[in-house]
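Quick one: the structure is below, questions incoming.
Here the chain labels run A, B and C in written order, and each chain numbers its own residues starting at 1.
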């Protein structure tokens, strides 16, 4: 799921961490990652399987899988359950989760940008149920420029959370009462958390106009 | 010596210069009071900063003079040297005159404050009415200041302040009336509105009005004590000038000397209303326990109190000198504080001499000038002492309590204080009739 | 004057239509007043636009972002270890909690667990930080309402906690106390003794604060029934922390989904009933006392052992994503980390409690007076560093 699209890795400085007894070899990115918890592992060619997403089975999943079939995929990674759903299922699945499964608290709404992928954005809802004491992630993939229905009518929390996603990524939420920038000034151009927004791009028009300086460097 | 000076001094009865028609002495008293109030305001400024700081586990001003004693002077100089900013859109004349109105209202009332049976500028026979009326003029100064600033925050603050002051004046007035009712419980059955007369009524009836018809006098005093805090816009009723609110009050646009005039007016008003409270309920210039401990020996002991107070202050100053670090940085402060202690000690000695000289062993002997003077000093001392206690209470309240929201403040003024003061007034009247 | 509960889900949570062209004229009674961003009572750079009818608040709009430093973007360009100090700067009042959440999130991603001793040290320091954060909150909140003295008392007592932090890790405020995999520093000689002395020192001080405020009639009148939020509204708005507990929802992540060593201690979760400012005040005072309880239990039995788990020098979590949250003094502080197998996070999202709680301001102040807005902002306990990141 995760893609490699980053600038070169700077050498991590030794922060004075205690050196573990066994030196772990840094795993290559696309292969199975090494499991760092086990000490004294010989540098054998066969790498043990690290944590991978495993299918999540539960009555909840069964119910929705029956309802939505292939549009819904349920996995567990490191003990955290998530649904990876089709964009067409939003907002119905969210509404169902709130109404029927008592996921009444929307913890967070965020997005991740994978520019190499065809559908570039992952929009993630993290929701929690007080009665069940259970937390679930719902993920969907949307293309750049596409919009996604807003969940403000489902959880009132979503208002500012979606505004921030819009501010940082440029993802439009249909049906949001007031979708405008929240953290950045109104006239800012660009959406910073996108991977194609360079961090040196501070010589923004906004800075030049409003701060009266030539360059933010 | 010219007659206009001596005629008042030689007069047989103890009367105020105003009553005696002596303009010279009235002016002298006015100047003395004006100087006294100015010094008192500066002292109050210092005390407020120091006491508030000590309540908040910090020291307050320590640098400007020894223990910050010269801080008020430094503040005054700074304020005088500040740029005089007048908002461009403000009404110039009104902007200039607003603090003067407040100051005038605050200072004019001092003409009738009874520091002693003849120690007042003049003894109007409507003294208390005059005081309440003139101090209400202070509201005009506030409203005018808020209006003249031409900015809606000061205007809102000014309107709030004035609404607050007006509401609490009603309760104040009713509490005052119930005290005045008590003055009529004398032999002739007529009361008096004159300030000196009210204190003398307490003297004749042998009880301070705060204890009269217990608990009615106490409740009336309590109403007045609370109302006077609201009247002067002090905590916990200082919403109109609180820093954390949207409006910084009516004096937002004032800076420098003009602003200091507002502060002067505020402190002067505080002293004025405290004087009313002292005169009406706490026996004015009378020493404590005038009837319980009325032997001449006790008279003498109590007449030593002014000297003892100043000795105490000098002792505190000397302790401060001793505890100051011996580093050369503190040399000037040590010298200054020692000099201050010396001055206080000198005043104490002077007061001691006056007390001893004025002691009259036999009550039937005609009082010598020294005795009269000593008595006068005592009267002024006790009055000022009681007012000083109130000043300290003002500071204590400010340090301790949060402030009321404005609507809660108004609700208290109209829905709590007014009914209680009405009830107390009626009860006092009924009890008064029953007793006499 | 004081409308009671509003059902957030039945009322569109839109703002005041301040700039919509369809309504160009304000009602003649309405006034738009701007509070901040520079204001003594907004606890940082927060701008609140109030729409007033006289003194009554009809609606508010918060303008935030003045302290936005792009922490999440920075995270994508720093290694996990390098990013650790940045985390303190978000909620700078409770920096230790921030660090705990982040370190635990990365540890989860790496599938590592900190050793028991490190967990105990983490719990002690985090609870000390909770007390310090609540003390600062109390001082500033009381000051907003007009009581100027508790500020000095709480700051003086907070100094003792900061002294312990300074002795432990060298910094008072932005402590960077924990590392991924455990703690870097061993507790200094005399740590347990000093913490125990602190416990006996501060318990009567908390009583002193209560003495000044809890039964004070003026305080009660300023805080009771002010800023009421019902439990249903609070849950719908995603409010967490003492604000949620004061509305009656007995939920604390330390009990619901325990982390660090919290499952080994006995403590209560204080709740309120009305969801007003007074209840939030009582809840936080009680939380301070419960924190003292936790510290007392922890400091008496810190286990021996290593303080750092076996973590590689270069932290390269496997590909995957994780969400981990802790109960910070302000509410649920969560970290959503997406790792692509390299040494730098691919995406690091911080779920800030103050940001989400601040959204509830609008619900809480409708119908109140202007003077109450200041009180309600104080009672939500926001730190702009966390709101804006």
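What we mean here is this: contacts are C-beta pairs under 8 Å (C-beta built on N, C-alpha and C of every residue); 3 or more make two chains touch, one makes a residue touch a chain.
Every value quoted in this text rests on a predicted model; they were computed, and no experiment measured them.
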Key: Most widely separated chain from chain B, with each centre as the mean of CA atoms   = A
Note = Reported most central chain by Cα centroids is C
Note = Busiest interface, judged by C-beta pairs in contact, is A-C
Key: chain B and chain C: spacing of chain centres that average the CA atoms, whole Å   = 47
Mean-CA-position distance for chain C and chain A (Å) = 23
Key: Averaged-CA centre spacing for the pair chain B and chain A, given as whole angstrom   = 68
Complex contact set, residues of chain B against chain C = 52, 55-58, 235-236, 238-239, 242-246, 398-408
Ask   = Where on chain C does chain B make contact in their complex?
value = 1, 33, 35, 40-41, 55, 142-149, 151-153, 156, 212-213, 216, 218-219, 221-222, 369-372, 374
Query = Quick one: in the complex, what on chain C touches chain A?
reply = 8-9, 12-15, 64-65, 68, 70, 72-74, 76-77, 79, 81-82, 84, 108-113, 179-182, 184, 233, 235-238, 249, 251, 256-257, 306-323, 325, 332, 334, 336, 338-344, 346-347, 349, 351, 355-356, 358-359, 388-389
Message = Per the contact definition, I'd like the list of chain A residues that touch chain C in the complex.
response = 1-4, 6-7, 9-10, 12-24, 26-27, 29-30, 32-37, 39, 50-51, 53, 77-78, 80, 104-108, 110, 112-113, 124, 126, 130, 133, 135, 137, 152, 155-157, 159-161, 164, 168, 177-178, 181-185, 192-193, 197, 199
